[in-house]
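Look at the two complexes coming up: chain A is in both, with chain B in one and chain C in the other.
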Partner chain A sequence: MTVPLVDIRDLSVEFNTRRGTVSAVKRVSLQIAKGETVGIVGESGSGKSVTSYALMRILDRAGRIAGGSVVFGGVDVANADKRTLSELRGREMSMIFQNPRAALNPIRRVGQQIEDVLLEHGMAKHGNARDKAIKMLAAVRIADPEKRYSAYPFELSGGMCQRIVIAIALACRPQLLIADEPTTGLDVTTQKTVMELIVELARERDMATLFITHDLGLAATWCDRILVMENGEVVEAKPTRELFAAPSHPYTRRLLQATPHRDSRVCDLLPVDDPRRAVPSTAAPGKPLLEVKAVTKRFGGASSRPAVDALSFQIGEGESLGLVGESGCGKSTTSAMIMRLLDPDSGQILFRSDDIGTVTARRFASHPARRSLQMVFQDPTDSLNPRWSARRSIADPLYRLAASSRRAAERQVNELAERVGLSNHLLERFPHQLSGGQKARVGIARAVALSPSLLILDEPTAALDVSVQAVVLNLLVSLREQLGMSYLFISHDLNVVRLVCDRVMVMRAGQIVEQGPTASLLTHPSHDYTRTLLDAIPHPPASSRQPREAAT
Partner chain B sequence: MRATTATQVPNTAAKTTAFGRFVRHLGYVMTENPVTALAFGLFLIFVIAAIFGPWLSPHDPLATLSARALQPPSWDHWFGTDQLGRDVFSRVIVATRLDLMIAVTAVAMAFVVGSALGAIAGYFGGWWDRITGRLVDTIMAFPLFVLAMGIVAAAGNTIDNIVYATAIINLPFYARMARAEVNIRRNSGFVQAARLSGNGDWRILAFQLFPNVLPPMMVQISLNLGWAILNAAGLSFIGLGVRPPTPEWGIMVAEGANFIVSGEWWLALFPGLALMLAVFTFNLLGDGLRDLVDPLRRT
Partner chain C sequence: MMNTSGRTRMIAYRLLQAIPAIIGIVIVSFILTRALPGDPAAYFAGPAASSESIEQIRRTMGLDQPLPVQFLAYVKDLVTGDLGHSISTGQPVLTELGARLPASLELTGFALLFSMAVALPLGILAASRPNSWVDHLCRFVVTAGVSLPVFFTGLALVYLFYYLLGWAPSPMGRIDILYLSPPKITGFYVIDSLLAGDLETARAALAQLILPAITLGLFTLAPIARMTRAAMIQILEGEFVRTARAAGLSRRSMLYTYALRNAILPVITTLGMVFSFTLGANVLVEKVFAWPGIGSWAVEALVVSDYAAVQGFVLAMALLFVTINLVIDILYTLIDPRLGMES
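Right, the complex of A and B next:
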């Protein structure tokens, strides 16, 4: 047997924090052979990123390798000096990060940024650096590389930026590429092309890849071997097919179950004995609650391309409508206009046959329909005032729109907290003292405080771990049942939309390309674009479909 | 993906009162950073001197006695005596109240007016933004001390006018800062959420945005307090505002300066030191104050 390229044994990493030492990684062992693609899967705080940082020795100052050995290509990384490390980094092993835009220098041309790495590691001279950089751009499949060489990062899309980052990472032909959530935040179709590119380049160059993700489906699609991490420990490490065929650790099973599949129901995401499981509703939608008629919005002059282009649709009483599309398709603009946070240029927004589009967004705060239209925002952190406790955030709509007395509001907040599964002592905390899932629940409690008739959910689970997503989705389904609300569910994740929505609209460039009942639209899409979206979703292998039986 | 700490927060916070939490937080801020503790300690001394100065001073700061004029520091007169035989130590202590009062009032006025103008400009934009922006630019275009001199000279040589002049020259910092801080937050998620909860623009500005602008402003306030003391003393030094025989650090330095050449160094040195220490304290205080009002520092 050959010596593996990466050999991590019993690695422990500790962080010094205000509350003493926290061990983030506990006795993790990991080997990667040349040309192999290994995935580390885990939820936030599982230590998956920290493991890769330790491998490159880029832990921040509070962190240190407390035990174990890290060997890369025969070099003892854990004890290497600065010079050896800077030789290794970039040349022998490279890393690509989650946010490609943040990884690029905004005021330098992308071609020059590729040149920098080449020159730094002596892979090119000033004479031929430009040619080599352009060759790299071509290698990451950027069309017209000569021209793109002189582009600035802000002129390129997110997917393009990630390609540039990949080009920089691969410029020196490293033996190992560490990809830390390389496609999180990118559209599904972009995600697919970026992943294909990474895997293809790795194969071409016989390069090993360490792929870090929270998405089991993505790992299953692209990795040879998968390590599942929980609380800093590797709970399971197996070849991909085996892992999905026979997950042995309960955590792996729970994770598999919480990942939405092609044909799971929302209650399937949680264990059978979990009281939070929701019963999917079967009620037929009533008469139209909201009608949007030929609504148009432009940002910029009259000649600019409209962000939302003569959009028309309706939502029935008690109906749950999904709105799917990639970034920039106008779905957020649409929701802002319906929520009356933004004024449309033309068209009507009829709420219970009353045209609310004529009341300006600035005046709408005191409109009687205000309390019937509420929204759950995408980013639970950004949507809570950092200086307000959870209780105050939830109570705000009660004071403003229901004129509740102090005592009544207090009681209602307690009820709401119980309804969304937020324990009472968490209510006095500030947002930074709450976890992502808890913040999401505060946001939901605030939105349903006034029992609105229409609730817009703007990617409510995009920032959450899958196990938390499972709980939140079930909560949303049962709340809708209890309170008889209509949902407009905005998401880029068709698997999630499938679980929650009765009907789906697919949006592209400000227009609806296709709409219909969820089941039929997602199984027999008639439009090419819908098909492309569906094809791009990574799915865990089909064999993992019955983890429930295995768990019981 | 840092190691999670959010889950380890103890649950005791809910049980204590708001005041109890504040005291505990104050304790934490002080113990975490010894410099902050030092700054708070010095600040406390200045506050005590300002409030109880007349009772604490061993001699009457205005009592003149030519028999003991220009004596060097001794056990009886710690900081020596001046040309009229007044006790310098007593004068330095009694002057604290006046100097602090000028600085605090001026900075408070600058803060209230400046941050209100700036926050409104940052939130609404448009013509209001343009007008306040140009106004602030105009003030900043002058050398600020000269502007203050001009204002006091034109409006009349009184303590009130020193306060107004100091407030005016400090105002632009608050206006600019409030404008920038409000501007970056005005479309954030929690502001949108507040609109959905039925809050009007003014309410959002006052209760949602403004509290979030406070922490960086605190640093500015503290730095400005030091600067305002220096400014008030500077104006007195050149003969504007406070007049003799009122004890005030700037005047004392100005009067003492004439005697340095003849070897009576203590006249200018001790009020100068008091001035320096006050400015130093306020400069150090900034970070501590920010940590105190910023809930993100709270655990």
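Right, the complex of A and C next:
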């Protein structure tokens, strides 16, 4: 066998923290051949990113390689000196990151940032650096590269920023590209084009790729081989096809199960013996609860393109409506107007036939309908007051909108916590002491505290690991059943929407391009845009269903 | 460029914003001095004056008029550049300011140059090597700088460098009595004597300046070093610095081109605040080194209710504050391209 490009053997990485040494990666071995695409899949805290950081030797100050060997192209990276490392990084191996906008220097022109790398590694001289940078911009398919050369990151979209990061990473034609969740946070269609770009450039240059992701579907679509990591250990490593056909480790099976497939129901995401499994209701929706009539909102002058353009729809009592669209399509503006956080320019918002659109956003807090409308936000961390305990966050609406007595509120909080599956001892904790899933539960408990009739869910699971997402989605489905709520479920992920919604609307540029019952819309989309969205979703191979069922 | 017009508009807007501030300053400086305790007419007339002569003086000074009339007269004088006469010296306030303000500016300017020259590298080094000896040194200097009173450091430096070692000239004002002050062009002795081609005088003026500037600088370097360190640490942990590391950029370009340019923004803000603050508050240093600055002058004027002088001082300082803030705002828009895009 030929010598692999990357040869990691028994790698262990430790971090010094205030509570002592934490072992983040435990005896991980990984080989990557030239031109091969290898995926590392795992949830947060699995050590997948740390492994790649160790390979680049860009661990934080607190982290260190505690054992094992890391060899890249014959060079002992683990013990290399600074000079060798700076020659390797950027020239022989490069990395692209999650959150591309933050990964770029905010006050330096993007073209200059590409030049910096070219000049550093002697791939260009001051005379031709600009030309080479522009060529690189063209190589990552940036339209009008001459003009974009002098743009700043804040002037570009997330997808464009990721292309710039890719341009920086590939400027010196490295042999290995490490992609650390490169498309998390991007729209599905952007994700697809970015992934295609990476794969195409990798093939063109015979470059090996180490692809790190939490998304099994994505890994299945693009990788030759996949390693599954859990708690710093590789639990399974197999060629992609084999992994999905016959996952041998229980954790892999659990992960596969929690990933929404084209044909899974929400309860399929959890093992059959899990008491948290929920059965979606099939009851027909009641009379209209919320009617939105020709609502328009512009953020610029009268001539600007409206963010929401004469939008009309309704939600019935007990109905769950999905609102799907890519970033900038106006879905968040719509939800903010329904929650009366923004005033619409024109149109009506009828809640139980009462026009709440005429109440100004400022005064809506004291409106009687306010307690019937609640919201669950996307980021479970940022939407909680960091200085409030979970108990206080959940109790807040009870004090503010229901004027509950202290004792009654206390009792209600305990009930709510039980309802959302939050153990009692967690209630005294502060957000930073809770996990992502626990914080999401606090956010949900807070939103359902007043038994609202309409719950607006703005990408409630986007920041969660798949296994946590599976639990939260089941929780949402059963809560809706128990409390008879209606949902407006906002997401960019059609797969998730399909699991919890009766009806779906697809939104684009402030308008609805298509709507209909979930099942028929997603199986027979009539609009091209819906089809594009559906096609862009990466799926794990469907064959994984059988072994999973057999195993459980 | 895409946002040049945005920036120009932003700068123009900032300039416009300064106008109401200046009007406010004029009003406040007027009211403030009228609210001072003590009767300037009585002071001016002297202890032996009769009540008639005090009344007489009050009339000639216009103090018997109602406040709005006094204010209008004040504004009219301001427009013509007349800030009134100092009661205690009899000199026009404008002349005194012209003599004293450059002395203070020269001292503060040099002090800031000194503290920046020390604090910026110290802060950067401390941030790039947390908990190393540089970091501990930085912490020590910062703590010492803020906790030692300037009159103490001033006296200690004089004792050491003038009395014991004899390296520094006597701490008596801006220039040794053996030299003539240079012809006035900018009012800064060092610069003026250089402009006049008189290296000897420039050297002498600089020698006088060094100890008071270091005294003041030791005090001002603390906030600058601390802010530099904090801002650099925050930026160095940032994601784009990680990208730069992963791209193999040298330590040098990572620290300066990437980290420092982003970290410099809060440092500039601190610098502006420190400059404004020390300009008016370095009375103690001026006293220790017999420096004919504006701070000691203002305190003396205040003690004797010399309100034309106090008014002139307040006005001059406030205008300086506004100017400094304006300069900082404009620097900000030049450094950070994102700012031109709001609005």
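As a convention for this text, the second predicted complex is superposed on the first by the 550 of 552 C-alpha atoms of A that agree within 3 Å, B and C clash if a C-alpha of one lies under 4 Å from a C-alpha of the other, contacts with A are read in each partner's own complex, and residues count from 1 in each chain.
One rule holds for everything that comes next: a contact is a pair of C-beta atoms (placed from the backbone, for glycine too) under 8 Å apart; a residue touches a chain by one contact, two chains touch by 3 or more.
Since the structure is predicted, the reported quantities are computational estimates derived from the model, not experimental observations.
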Should A:329 be classified as contacting the first partner (chain B), the second (chain C), both, or neither? neither
If touched residues of chain A are counted for chain B and for chain C, the larger one: B
Which of the two partners, first being chain B and second being chain C, lies in contact with A:504: first, second, both, or neither? neither
Output check: A:94 vs chain B and chain C. Expected answer is one of first, second, both, neither. What do you get? second
Would you sort A:150 into first (chain B), second (chain C), both or neither based on which partner it touches? second
Between chain B and chain C, whom does A:177 touch in the aligned arrangement: first, second, both, or neither? neither
Scan A:341 for contacts with chain B and chain C and give back first, second, both or neither. first
For chain B, which residues are in contact with chain A within the complex? 1-9, 11, 13-14, 188-190, 192-201, 203, 208, 211-212, 295-296, 298-299
For the complex, give me every residue of chain C touching chain A. 1-3, 130, 238-240, 242-251, 253, 257-258, 261-262, 335-338, 341
Which residues of chain A touch chain B in the complex? 15, 17-19, 22-24, 44-50, 339, 341, 361-362, 364-366, 370-371, 373-375, 377-379, 382-387, 393, 396-397, 400-401, 424-425, 427-430, 432-435, 443, 446-447
Sort out for me which residues of chain A touch chain C in the complex. 56, 58, 61, 82, 85-91, 94-95, 97, 99, 102-108, 116-117, 120-121, 150-152, 154-155, 165, 168-169
